[in-house]
Amino acid sequence: MSKLINNAAEAVKDIKDGMSIMLGGFGLCGIPENLINAIYDHGAKDLICISNNAGIDGFGLGKLLNKRQVKKMIASYVGENKEFERQMLSGEIEVDLVPQGTLAERIRAGGAGIPAFYVPAGYGTEVAEGKETRSFNGKMYLMEEGMTADYAFVKAWKGDTKGNLIFKHTANNFNQAMAMAGKITIAEVEELVPAGELDPNQIHVPGIFVQKIFQGKDYEKRIEFETISE
Amino acid sequence: MSLTKYDIAKRIAQELKDGYYVNLGIGIPTLVANYIPAGMDVTLHSENGLLGIGPFPKKENVDPDLINAGKQTVTYTEGGSFFDSSLSFAMIRGGHINLTVLGAFEVTDKGDISSWKIPGKMVKGMGGAMDLVAAAENIIVATTHTDKNGNPKLKKECSLPLTGVNCVKKIVSDLAVIEITEKGFKLLERAPGVSVDEIKEKTDAPIIIEGDIPEMNL
Amino acid sequence: MSLTKYDIAKRIAQELKDGYYVNLGIGIPTLVANYIPAGMDVTLHSENGLLGIGPFPKKENVDPDLINAGKQTVTYTEGGSFFDSSLSFAMIRGGHINLTVLGAFEVTDKGDISSWKIPGKMVKGMGGAMDLVAAAENIIVATTHTDKNGNPKLKKECSLPLTGVNCVKKIVSDLAVIEITEKGFKLLERAPGVSVDEIKEKTDAPIIIEGDIPEMNL
Amino acid sequence: MSKLINNAAEAVKDIKDGMSIMLGGFGLCGIPENLINAIYDHGAKDLICISNNAGIDGFGLGKLLNKRQVKKMIASYVGENKEFERQMLSGEIEVDLVPQGTLAERIRAGGAGIPAFYVPAGYGTEVAEGKETRSFNGKMYLMEEGMTADYAFVKAWKGDTKGNLIFKHTANNFNQAMAMAGKITIAEVEELVPAGELDPNQIHVPGIFVQKIFQGKDYEKRIEFETISE
């Protein structure tokens, strides 16, 4: 059974209003640009988006926010987006802020079949409100739940027709764990190769986690803060 | 005379030890990287998935796939490595990071810290700060001693939403180096020319003063 | 006539679907690999950290760093991958494996299974069996219908320590294909020449029989 | 600070009687042969050994068992060792059998600062005895605790002077997670290279988890079941 699809439009065609989607990336680094553009064109609404950040105005997740496609955002840091700020302050969008490490671990746990686990992050803060707390070895922890989503959109550097993925540098970030946690995981890759070409010791995401894969195109890879040294 | 932000960073760099893995937050903490003693092996961790942060790239080497947790383009050092976010926070939560340096709005004499949210202002999120303060063994806060309006940032209780409780071990401000002990703030060092009285006056909690308090050696 | 172990494996192979990821236990389950229909894309998972188990190696290609969960030397297929044990069981626990086939000492009509421990005998351990049965969506037991002494292995209650509860979905024995439904065992197919009465007689729990029970098509 | 040491003897010199040691490997594949031999020569007793298997008679962990250095064994499958069997049946050695996936996850959790988590494995069996059980989304789970050890002994294919490790094929197995969970993790490698030679995208264990590393020697790499095709 081939996992290969032609493009992002084909990847997102079955997505329905109200579904949950995980989107890889940290800031604008490693985001699934083609899939974001495709879901923008597709027009699905009331989406629950799980992503570390929320893009910037007019790019990345910011595109979906501008078109009011997102009902709820689960993220750790959302500050770079005026339209998002407006929707958040006006209450048009629901926002669930999760500590970054807890977010990453909840996603990995969801993919790994672990329904809940304990972390120290957030103990004694408003993040702990309504959550079970518990002491282990004299230190206090919160219970956090594993998280899955209807879809996971991930972006990799290289991929093969079996769905194996390899990331480049810090463009890995949330993509690896999210690939595990999507009921349907769709990967877009910069370079698609036949099965057998990638070194089997060097796979970041084994193909078992990836249901559909395609060759992405026209990557913009915008940079938020270009800092250089002389 | 109160320290510049560069001097705060320089003083914090004295806390580094050979072989340390260190996470530096945004702002003054980032500057600490400039004062790592020559020949000392210190590896900088970036929570978006990099061990071994190098200097900013030259213009021709800018790579959008290589950023730090502040979303700035960076480079990586020899022997560096890249990994996913869950492993990156396993390093933090598992206590593998030797030192975390971060900024703060307020710090209490019990080591509580507020640093992420000001009610009434846009809430951007806690990012990785809550994970870092909850898990690191050794947390130093780099901060000015008072805020823009001159109000003390070192207090009995935080007035702002907390980032973590009982976690900060030391504060390096523009006026002083203060340790957080079981009995509260303890003054270790003064900025050159700054008096103990000035530090006490600008701190909104009792400070333990034992013997002569030396000036920082910068 | 009761099936050989090869025929049991052949019948189980009919449960495979294109694109499946499958974990095959030691013994009869391993033989299923020999009957994957030509052209069907089935990837075999080995819990020690391999997706894409290939055939045994030729003598000159034996690699001690490449074994399956039964500690046998193997090869890997094109597009295979290697990974650590925690990720391997994330695949299992997270429900990413489509089909698990394993042996059993006993199976009940509620889907309970005992397969790892016989009191009084040396206990070798459960290995990955408890993880597999607790997490897989689709578990088929490959077994002889009775033990060496002719005692039924399909029962109301396990007499031996359990490996898991309410987990087995189907049994392919040398006599029958039996589904485990909410109402208990349900006979789906008979081995060629084996009567419904013989199956009933050799099963220590009620069996639902609806209409004519076809012979297996091997 | 150099992580480089000369050999296995130097690596184990501070180990005390009664300490806990994790040992990587699955069967005899990927076991830290040099470190096992060194702790055998060192002679530490009453050790708590955490390893998926217990070696075979006279090789791997079997050597330590023969010399009666092991007080307690935490493993998932221990069946290939007559002397072990004797000690187990006579009660001379304490054995804690843990489902393999739970063992791997407990070790990863220990390294990741997660004190406890929930898994379905073992529910309804004797593994659940004395453990907290709990329902999530209608399914029953056990609470399992994260696990660390005084030392972790791991074996890698390649490593560098910063402690970065890369494994080969199925010799990874428990080594990767154990490297995270040792208070002191010692790695022996088949090929030691200067920092900077390994591709930073291809590191299985980042050096932060490894305190000491050395070039191993004389690998036997015994095979338990050599199966070949014509």
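Details
By written order: A, B, C and D. Residues from 1 in each chain.
One rule holds in what follows: contacts are C-beta pairs under 8 Å (C-beta built on N, C-alpha and C of every residue); 3 or more make two chains touch, one makes a residue touch a chain.
Here the structure is a predicted model, which means the values were calculated and not measured.
Steps from chain B to chain D, taking the shortest chain of touch contacts, total 1.
Ignoring chain B while keeping the rest fixed, chain connectivity by touch leaves one piece.
Of the two chain pairs considered here, A-C and A-B, the higher C-beta contact count falls to A-B.
Across the assembly, the mean Cα position most removed from that of chain B is the one of C.
Chain centres here are Cα means. That of chain A falls 36 Å from that of chain C.
For the pair chain B and chain C, the distance between mean C-alpha positions equals 55 Å.
The distance from the centre of chain A to the centre of chain D, each centre being the mean of the chain's C-alpha atoms, comes to 33 Å. For the pair chain A and chain B, the distance between C-alpha centroids works out to 29 Å.
Across the assembly, chain B contributes residues 76, 82-83, 86, 89, 92-93, 135 that each touch 2 or more other chains. For chain A, the set of residues that touch two or more other chains comprises 105, 108, 112-114, 119-120, 167-169, 200-201. Of all possible chain pairs, those that touch are A-B, A-C, A-D, B-D, C-D. Here chain A touches chain D in the complex through residues 105, 109, 112-120, 136-137, 139, 141, 145, 166-169, 200-202, going by the rule given at the top.
Considering their complex, residues 26-30, 52, 75-79, 85, 88-89, 97, 99-105, 107-108, 119-127, 157, 167-177, 204, 221-230 of chain D touch chain C. Contact residues on chain D toward chain B in their complex (touch as defined above): 1, 3, 108, 110-114, 160-162, 164, 180, 195-196, 200-201, 203, 206-209. Residues 46-50, 55-59, 62-74, 76, 82-86, 88-89, 92-93, 112, 122-131, 134-135, 161-166 of chain B are the ones touching chain A in the complex. Within the complex formed with chain A, the residues of chain C that make contact are 18-19, 21, 41, 43, 45, 51-52, 76, 78-83, 86-87, 89-97, 135.
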